[in-house]
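What follows are several structures.
One chain, chain A, appears in both complexes that follow, with chain B as partner in the first and chain C in the second.
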Partner chain A sequence: MKGNRLQVAALAVALLVPALGGQCLAAGKVHKLGLSLAITGPTSDAGNPYAKGVEDYFRLVNDTEMLGEDTIDCMIRDDQYNNDITKRNFEDFLAEDIIFYLNYSTGSTLALKKDFEEERIAVMPASFHAGNTADTNYVFLPIASYSTQLVGLGEYVAANHNEGVAKVALFIHPSAFGRGPVEDLQKAIKAGLKLDIVEVVEHGKDLDNTAMLKRLMSKGTQYVLTHTVQSPVATMLKDASGLGLTAKSFGEAGKLTFLGCHYTGGNDLVALAGDAAENFHWVTSYIVTNEPGPGATAQLQLAARYGRDDKAANSHNYANGMMVAQVVTELIKRAKAGGGEVTREAMHRELLAMNGDRSFSPGTTVGPVTFSTTDKAGVDTLQLYVVKDGLFHSSGLPFTPVYTDKIK
Partner chain B sequence: MSYFLQLVVSGVVVGSIYALSALGFVLIYKSSRVLNIAHGQIIASGAFITYSLTVWMGIPLVLSFALGLCVTFFLAMSVERIFLRRLIGEPIISVIMVTIGLMSILDGIIYLTPFGTENFSFPPFLPTTPLVFAGVSVSWTQLVGVALTAAMIGGLSMFFRRSTMGIAMRAVADDQMASMSIGISIPKVFGLAWALAGMSAAAAGALIGNITGLNFDTLHAFGITVFPVVILGGLDSILGAVVAGIIMGLIQQFAAGYLDGNWGLSSTGEIMPYLILLVILLFKPHGLFGIHEIERV
Partner chain C sequence: MATNRWLATGNFFSSYREEQRIFFTALDRSALLAAVCLLALWPLLVTIDSKFMLVIDTILVAVVAVLGLNLVTGFAGLISIGHAAFVGIGAYTVASFARLLGENHVVLTHAWPLLILLGGLVGAAFGALVGLPAMRLKHLYLAIATLSFQMIFQWVINFMDFFNQGQTIAIGRVAWPGGTVTRGQHYLFWYYIILTVIVVLAFAVRNLLRTRYGRCLIAVRDNDRAADAMGMHPGLTKVYAFALAGFFAGVAGGLQAYLYRGVGIESFTLHHSINYLAMAIVGGLGTLHGAFWGPAAIKALDLLVESFSSWVGEILTISGNLATAFKPLSFGLVIVLFLMFEPRGVANWWRIARSYVKQWPFRY
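Moving on, here comes the complex of A and B:
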């Protein structure tokens, strides 16, 4: 009797062990990622929807088993736009053995560049500062750099201005983020772009821009290219509108036409500036949700699935976060399909191979994502949007600035 | 000439808003000798309360503005009651340190709300076409801002001159021990000073929010932006806040109008107030209207 019991137990163990073992093998791997960004503090109006976009897309990946049995564990931490906290977060993520890192600000990306290089980890920041990619093999911009955006706006002005050389003023953020692309626009002008920069204005927390606007008018300025955040642009637009200085159509003589790079535009600008935002020209590589398309549908469905409000759902920074999550997921898929381990090296290798037939179209951008050893910006094309009746609408087709290559 | 006049008008308008923002600093310092480092957070809170009442509760803006002032009045009074009342008689530096802690607490609370991370804007309630006179334009929001500042400062000046409580507050500012000896309640005076400071901060917040939009970083930064105004005017002088506010506003506009864009200069409006402040303080260390206390030993 006792012998029988032992035999039964041995049989049960013999049957259960492989079954449990098989289940453990089938449970898949957890791919660890880190994201440090400003969910609170300065620029959190952009960081907050960005974090939501990243978080929601990775939840979708796990919930719909997009990677089969594998899952993604993306640790998201607030750094309050403080480089010291970013560094601490990054070190904590390294201790967790992350395979890819998502960073945020220009300052922290520049400050941690050496660390990324030492750790040999691929990084994608939310900052599109061209300098992020200089002297490193590991930092990749999701879309065209601020320099490309500003040069693109400059080219658009030069191409559509009617008489003589267009006089432009630059209205920029008083920081490395704001100053970054100015030199490249100046280089483009030296290389033949027909523009005259009459003044570079680094704004403060101004309650009234009358003096600045009148001064620009007295110098014959017709276009103001902005590269900053939305709030100061909105205040300037309201002041210009109040003074009757805003052009009703592009390049209207005797008036100012306002244009801006990625972080100046979006729905928040319209909400802040109201009617004064009409005819504001904005350039980015992301789609907008008020124009129907598969990317817009996917973005709105994702936000709805995870209970986001309309503001977040329609934010271009939600699309921004969603897009980087899409790229990272695609890299993991490709690394897995390659048959090897999904490691930091594999992620970096797949990123560099994302070009030609292996380029990636996330749908949330106006062009494909391509990277290589010489191309560190994902989406190279830009779309110009213009505010009409309180919404950003596409103007023309996506374009790639020609002077970006000329000034390299 | 119209350009010069435009700068003057813009300077006075901006200066008035600075004066209103600085008033809260002065009211608290005047009565308790405490510098409230969390003043910017109270400015922001006032703006957000007014916005919530207007947009989320559907109360007309004028009414919600008045309600916002009342709510912030009691909120600031509660802050004094909870955090600062126990520190009466303690070294001033301890109280100032508490206001630094208070700043962090208020930051944390606001970050828990949508206001901490999102941009909002008040619904338009005034005509968007500015008033133009002799080539000088001024927006309705700015005009209302000047009128509101004048009304609040005038009202508070009257309060300090005519009312018993106002005179009691001045007495406390002058000498706490002597005030107590004639039966003035110091805690009551401190509570009221905080409450009035909260109310003026709410008014400033709502005004700034109407001009720049509601962005927490922009709003709470005004607590620091108006610091030169407070120092220049004299920490304990309401008149000083007004005069210094307007001086700062004019300096900023003239610097932006005449210096920026010339000789390679840019953003001088940001620096000039501090430069002028330094020069004036060399000759008037207590500010333009600050009281120079002489102690006999």
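Moving on, here comes the complex of A and C:
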């Protein structure tokens, strides 16, 4: 009897071991990634849809077996826009052996830059601050930097202004994020860009901008270039509209034309400012969902597939998160196709090789994503959008600012 | 008094000198020694993730800062809501050298104990400066004066190019006799350094409270006119209390700069000042060991709320807004509950537990 039992057990083991072994071999690899961002707290209005974009795209990758039997495990942690928590999250991710890191704010990217360098891990933040890429080989911006965006807006104003040199005011966030591009615009002016900066305003938490707007008018300002977040811009637009100072068309004489960089615009601005957002000019490298196209369709389908509401689905920050997830997925695909292990080194190598024939078009951006040892910004082209009837519509074709190279 | 001091139930003093001892009983001394040994040895016995080591190091830095805040607010009774600015001054003292000499200059990497000490001294100087209004101001007015300092500090850092307009100023890796501290050793190395600093500073505070300078602080807190009548100088005592607090905060700032390997204004805002004050209140104002309980309790609360928010986020669709509210809600609630039901802080629980053990098996 005892002998029979042993024989049965031996047979079971003999059958199960190859089966389980085969299953393990067939299960594929799990590629671990980390994302730390402000899902709650300051700037979570941008961070929340961004996180959803990242999460949904990686779910799609796994659900549709885009990487074959391999899967992506992207750990998403809320850092509440607090650098100390970001650092803790990053250490946590390292313990989990991540191969790529997605960061969020300007402050935390600058604070952790040395860690990224020491860990030799490629990082893509949601901040497009040009300083993020200085003195490091591992930080890559998804799209053109804030500096490029502001210079791009300056070029657009200079090219389309009719009489003499355009007088502009800059309305910026009182932080490194806000101040970063100002110097580059000033450099561009020195290099020949026909603009006159009459004032740089670092906004506070003002509930009323009447005095500021009157002052700008008294100085002959014609254009206000903004680089901050949406709510202060919305406050200013509403005040300008109430005072009858908003230009109905670009460059209308005696009025103010408002323009802004990536984080000033999007549907949230229209929701906050209402009719006062009309004729607001916005520049970004992302597509908008109200203009049909394969990227917009993919974005809306992804959001619908995972039950996101309209606000998230149409957010440019959802596109932003989706796009970085697309880039990372493409890097894993390419690293796998290369035949080697998908490691931090391989991801970094593939990122640096993403140019020329190997550039990547995710569809959610207005141009291809290219990186190299000298190009740390993914999408170099910008698209200008203008608010008409409560929606952002593209104006002209995507462009690349010429002064960006001149001031390097 | 029992002949065997190990079996003493209660404290019996037969002279003023006895009452002023650092350790009342041999058990106290042994227990503290055992606790310090345990704190020194456990990292060698247990492997712990860098994430948790960073949390522990952050708590220890906060302990140094709250030791100082406890001196000015707990012992001297002077409210300060600009403590993070003093911590920032210590950190920016170190960062100034990085700006002037470069982040990897030998001064920063090898003379780091001196720079941390210098951070404390600069903090003390600013503490004395901010303490000057305390000679004429009290209560809410003094709170506003310290708040003003916090605002001025933030404004200056945010707008001065020298301080990189508040952006992170990197600090290089330090060296010690064993060579440069590597990334793998970083958090453990700083654990031991901060622990050493805490032991030294805690003994300094305990000793200070045994001296007339320490008793002056308490006398001025309890009744500054009476203290004046007894020959003390309330004004100078207040200035010196702020200077002491500034020194502790400055040392904490220097340690933080090296621990985080960078200094940015986001770590020294009004929010952080309020956090330090909350730590002092929750730990127990006017008690030495309250400075240890408070940071541990508040940081533990932070982590718990984070986990709870994350858990809620998984089960509720409205989690975004709800989770945003949890942290300030729980933080505020804990402060209010402590002020209402346990104004003497966690330190009082410790006192009750000790009394119970000391008097056991008697109930009184």
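One rule holds for everything that comes next: the second predicted complex is superposed on the first by the 391 of 408 C-alpha atoms of A that agree within 3 Å, B and C clash if a C-alpha of one lies under 4 Å from a C-alpha of the other, contacts with A are read in each partner's own complex, and residues count from 1 in each chain.
Rule of thumb we're sticking to: a contact is a pair of C-beta atoms (placed from the backbone, for glycine too) under 8 Å apart; a residue touches a chain by one contact, two chains touch by 3 or more.
None of the values given here were measured: they were computed from a predicted structure.
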Clash or fit, chain B versus chain C on superposed chain A: clash
Partner chain(s) touched by A:41 [first = chain B, second = chain C, both, neither]: both
Contacts of A:174 with chain B and chain C, given as first, second, both or neither: both
Touching partner for A:358 - first (chain B), second (chain C), both, neither: neither
First, second, both or neither for A:393, with chain B first and chain C second: neither
More chain A residues in contact [chain B versus chain C]: B
Touched partner set for A:305, first chain B, second chain C, both or neither: neither
First (chain B), second (chain C), both or neither touched by A:131: second
Which of chain B and chain C A:205 touches, first, second, both or neither: first
First, second, both or neither for A:118, with chain B first and chain C second: second
First (chain B), second (chain C), both or neither touched by A:92: second
Against chain B, colliding segment of chain C, chosen among 112-120, 220-228, 292-300 or 328-336: 328-336
Residues of chain A contacting chain B in one complex and chain C in the other: 39-41, 44, 48, 174
Chain A partner contacts - residues on chain B that touch it in the complex: 3, 6-7, 10, 13-14, 17, 111, 116-121, 124, 128-130, 137, 139, 142, 208, 211-213, 215, 217-218, 221-222, 225, 253-254, 256-257, 260-261, 266-267, 269-270
Chain A residues touching chain B - in the complex, by the definition given at the top: 39-45, 47-48, 174, 198-208, 210-212, 214-216, 218-219, 230-232, 234-235, 238-239, 241-244, 268, 271-276, 311
Sites on chain A touched by chain C in the complex: 39-41, 44, 48, 78, 80, 82-85, 87-89, 91-92, 94-95, 107, 110-111, 113-115, 118-119, 131, 174-176, 179
Complex contacts: residues of chain C adjacent to chain A: 49-51, 54-55, 58, 158, 165-168, 170, 183, 260-262, 264, 266-267, 306, 309-310, 313, 320, 323-324, 327
